[in-house]
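Supplied in structure tokens, the structure appears directly below.
Read from first to last, the chains carry the letters A, B and C; within each, the first residue is number 1.
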Amino acid sequence: MENIEKDISKNMYGLVKDLFPICRSITGNGVRETLKIIKKQIPIKIYEVPTGTRVFDWTVPEEWSIKDAYVLDESGKKAIDFKKNNLHIVGYSIPINKTIDLSELQEHLYSLPDQPEAIPYVTSYYQKRWGFCLSEKDRGKLKRGKYKVLIDSELKKGSLTYGELIIPGKSKKEVFLSTYVCHPSMANNELSGPAVTTFLTKWILSKSRRYTYRIIFIPETIGSITYLSKNFKTLKRNMLAGFNVSCVGDNRSYSYIPTKAGDTYADKVALNILSFKWPNFIRYSFLDRASDERQYNAPGIDLPVCCVTRSKYGAYPEYHTSLDNLDFVSPEGLVGAYEVLKECLVLIEENHKYKIKCLGEPQLGKRGLYPTISTKSSAKMGSMRNFIAYADGKNDLIDISEKIKTPVWDLYPIIDKLTKVGLLQVDLKK
Amino acid sequence: MENIEKDISKNMYGLVKDLFPICRSITGNGVRETLKIIKKQIPIKIYEVPTGTRVFDWTVPEEWSIKDAYVLDESGKKAIDFKKNNLHIVGYSIPINKTIDLSELQEHLYSLPDQPEAIPYVTSYYQKRWGFCLSEKDRGKLKRGKYKVLIDSELKKGSLTYGELIIPGKSKKEVFLSTYVCHPSMANNELSGPAVTTFLTKWILSKSRRYTYRIIFIPETIGSITYLSKNFKTLKRNMLAGFNVSCVGDNRSYSYIPTKAGDTYADKVALNILSFKWPNFIRYSFLDRASDERQYNAPGIDLPVCCVTRSKYGAYPEYHTSLDNLDFVSPEGLVGAYEVLKECLVLIEENHKYKIKCLGEPQLGKRGLYPTISTKSSAKMGSMRNFIAYADGKNDLIDISEKIKTPVWDLYPIIDKLTKVGLLQVDLKK
Amino acid sequence: MENIEKDISKNMYGLVKDLFPICRSITGNGVRETLKIIKKQIPIKIYEVPTGTRVFDWTVPEEWSIKDAYVLDESGKKAIDFKKNNLHIVGYSIPINKTIDLSELQEHLYSLPDQPEAIPYVTSYYQKRWGFCLSEKDRGKLKRGKYKVLIDSELKKGSLTYGELIIPGKSKKEVFLSTYVCHPSMANNELSGPAVTTFLTKWILSKSRRYTYRIIFIPETIGSITYLSKNFKTLKRNMLAGFNVSCVGDNRSYSYIPTKAGDTYADKVALNILSFKWPNFIRYSFLDRASDERQYNAPGIDLPVCCVTRSKYGAYPEYHTSLDNLDFVSPEGLVGAYEVLKECLVLIEENHKYKIKCLGEPQLGKRGLYPTISTKSSAKMGSMRNFIAYADGKNDLIDISEKIKTPVWDLYPIIDKLTKVGLLQVDLKK
């Protein structure tokens, strides 16, 4: 088991590394390349939604592609070079090719005075613009004079691309995983998400399942809106619980962002697992949301999708800069999040209403489930007797776990033992 | 706006000053004079309820009037003189005219050992008595000997007087303001109440209204019981929220006394406004009630009437003494309470259920309601996006304000903007 | 009253002393002798349930009797002697008569390294075994060599014995007291239970009753399971509130163990009385249960039975050892618990919904229930006016007591006064 975990963590980190160099955006070949690499691991289907398609209040934008971009100083040296780091270009920059004064150039530059070493990540999807991002330090080195600016990009009709995998189970009820593939070279937000989701998917495929799993790899915001607009009825009818998987690669903390309602089935599952596994996890408010949970919890949508993350988007200084790189995430960071999310899925599979078949306490001693000698310390009720006390057909496993303050993974073997001796009845309805 | 506020605060303080010298009681010409002065400002109707009228468990008492009262010492000097301060006489004192020993006089004197400078306020409405109130200091100066005691008062059939103004709105549902006019020369409890209520009424009259406003100026306790006994069915049917307006003139604090239920609409409104405007307000229990909220929340009555006050009756040392005078209240103290109560009324008018018309998050950028460029700091959701997230047709404005931790006055302009671009739907039912 | 309390406390302690020497177990003559002594005080009926009777998931075991038991060393001295302390024998030990080596004997010895002076209490009801219990200190003195072991016991078909008293009231609704009589010479757990229950029963018999009282003296666990299996329907239909009475004899603390639901009528009553009488009482969780509340709250049973104890089973070091003796309990300890439980029963008898007959506050002054003079301090509402405010026909006495933060024993005289003047209406339904 430990070896398997090491393998998984290495492989997840390897996938992050493979995907890192690609210049992704909300549309275009970066997304397609990314999905192709993932498809080598798990059998996703790839969909294209044409530019101009109306999706709720939004419209699928033109497709953006970029070949090169740089700023040349008077000596012909590249002061800024997209080929060195794809964060240097403002996402969706229109093409440009002209020579301008530094003062004019400055209006198109983005840097972070508080993080002088970091290149910021900036986009302008819905307003035609061009711009370059660079570190405050490099910006300070620009001298007065003329600069030749070249952006060899294209905006034209095309499509928005996303991947989807539906893994059927015994029940039509669905567990939903959503992750995004639209950021250029940044590791925690976002490549940790697709990597962990890919390996969770492999694990789901490897086992027998009660529930159906719906797993999507989409561009953020416009992608979730597009996916919702095409699948809303099904999602609304079948979704049991969903998780937006993002920022799951660093080592610093575990975090939780609730759904808008705050008490959906997804919240209950996530809170149960986190509170026993990582009791010091950071509990955010829905007001701290910043990713696709926004769309899944929008008014009228209200799907039970919450987030279990490590250092949450917007809450770590490296977020949306070049510092969110391959050093910021780690194999251990990835596998920690993988394990928590896996436990969430295991719990969803096992979380039924349990009921002891006899009236009164069963006599455990005669079944070899309890010491036959009674001493002073017998006054303490163990987990099995506590489980039995609440196994009344009304409490589900999460309820019981919380009432008896015992993690569900300590209850699985108890359920097995009681089932084997015929004392336990399970209500699989959900 | 600041000038208007200054005007209002000066005028409220002026009204307190004008009303201060009048010797009020629960019946009689003091109340009538007071109401006549208020009527010059707002068009109240004045009602008279005859002595002997049965009102629930009580009976309207005889009307009391007083022309003069004093205690003369042997040298013919006035040791106590009603004309100097109308608190010197126990309210509802019967007439008396005799010469007695100091020892006998002492049995009819009231003073406060703990506040030696203060003349206490004492009444005996339902038991025939006579008495004088004086400061402990002056009482100590009384020498042995004979005193001539004169009280030129009268108790006879008459009536109980109160004022009422009903300002119709589009809806029959009513907002209720109750204040009292039965205390002699004391400023915070009680003249601040009628003054603030008068100027709130002027403000209500100056604007278009959804709701009907019922505003009454009554004697405390017997007045509210009388008013309830005559209007109970209408109040019960129509009252949306009510406020007992009293002790709204000093500068020390803001306070809140809940209804008996504690969670009526009036409580929700008051708590929302106070918690954002004056987060350090004192939150009393219903057990701390002491004014007409008692009657409005009596068993079987149970109307949604709470109190928003500054230093609450019984909770400041000057209460019910001559120290509760024109120095204890101030224009700023009055206008502070006025503003809080006005915000409560504004909120009642604006507190509807709001619903975003589209499914999913609306695209704010294309409507000029959101920056079109996305940077690191875009991760923070602003008030508008938070408002939208909860504007699902189920939450009213108070719910939204509390869920997104934003004062309602910051949401009014957001509602305006979203309404203007046609994104917002309002449910006016209440 | 104080003298009566002294008498009761002396007599309860006397009963504990009388019952102390008897060697009880879950069946046999020890229980019968105990019940016979109790029957001299209160008219219980004694029941016998034959060995082999199926009771839910359990079976009534064979009856155990013991005449003598000892361990002789090589010099013929009694190293362990049942006649000196009946805790020396493991409960339900099978007969034995042989000479063995110390090393073999050791496998049948039980002692407590952490409490070297204490003889532990050990039983083996459902697995055939033999054994001796002794202090760690005495165990250390045993020298190598041969020991003659004699246990003159018998296990044979017989019956399980219990006592029951049903005291009818005006209503069929029942108040339930359960206590156990199956432990040998230990005082707090358990003889305090039968002693306090016996004297509560005397008090119940001495007064007029609204409710029916069902009081049982049973062996723990198998006794409550047996009793439940024979009376479940009646108990389920009629039980208003029940208390498992045990560990009610020491001086250290007051404690409370909730029902599984935590908010049954029994919990409400116990919490109300304890929180006003002994606000520092220890509030345990249902997970800390260890006595017959387990059975009464088993899944499917779910009767409203909680525990009010002093030092709770399992929570004091003397528990289940020879240190839980006549010095550990005291007359004062017993009477303290007796008083708390008696107050619980008084409250159940008096806990109705009260309603003031008039609308609005009644005029208390005219009925001599309130001062007719109003001064500064009149602003404080007293208990009577607070009682009236909540006496709306919806709150019962417990609700009122909690809302107005006043113990019920301060409200009984108020109820009397208001009833006398005809202001109060009582709803006896329950």
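Rule of thumb we're sticking to: contacts are C-beta pairs under 8 Å (C-beta built on N, C-alpha and C of every residue); 3 or more make two chains touch, one makes a residue touch a chain.
Not measured: the values here are computed from a predicted model.
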item: Set of chains whose contacts include both chain B and chain A; value: C
item: Chain C against chain A, contact positions shared by both copies (same if over half, else different); value: different
item: Copy-to-copy rotation for chain B and chain C - C-alpha atoms, rounded to a multiple of 5°; value: 120
item: Mean-CA-position distance for chain C and chain A (Å); value: 55
item: Set of chain B residues in contact with two or more other chains; value: none
item: Chain B-touching residues of chain C, taken from the complex the two chains share; value: 355-356, 358-363, 365-366, 372-376, 379-381, 385-386, 388-393, 404-405
item: Chain B to chain C touching residues, read off their complex; value: 56-58, 90, 110, 112, 120-127, 129, 221, 225, 228-229, 232, 260, 286-287, 289-290, 294-295, 297-302, 313-314, 319-321
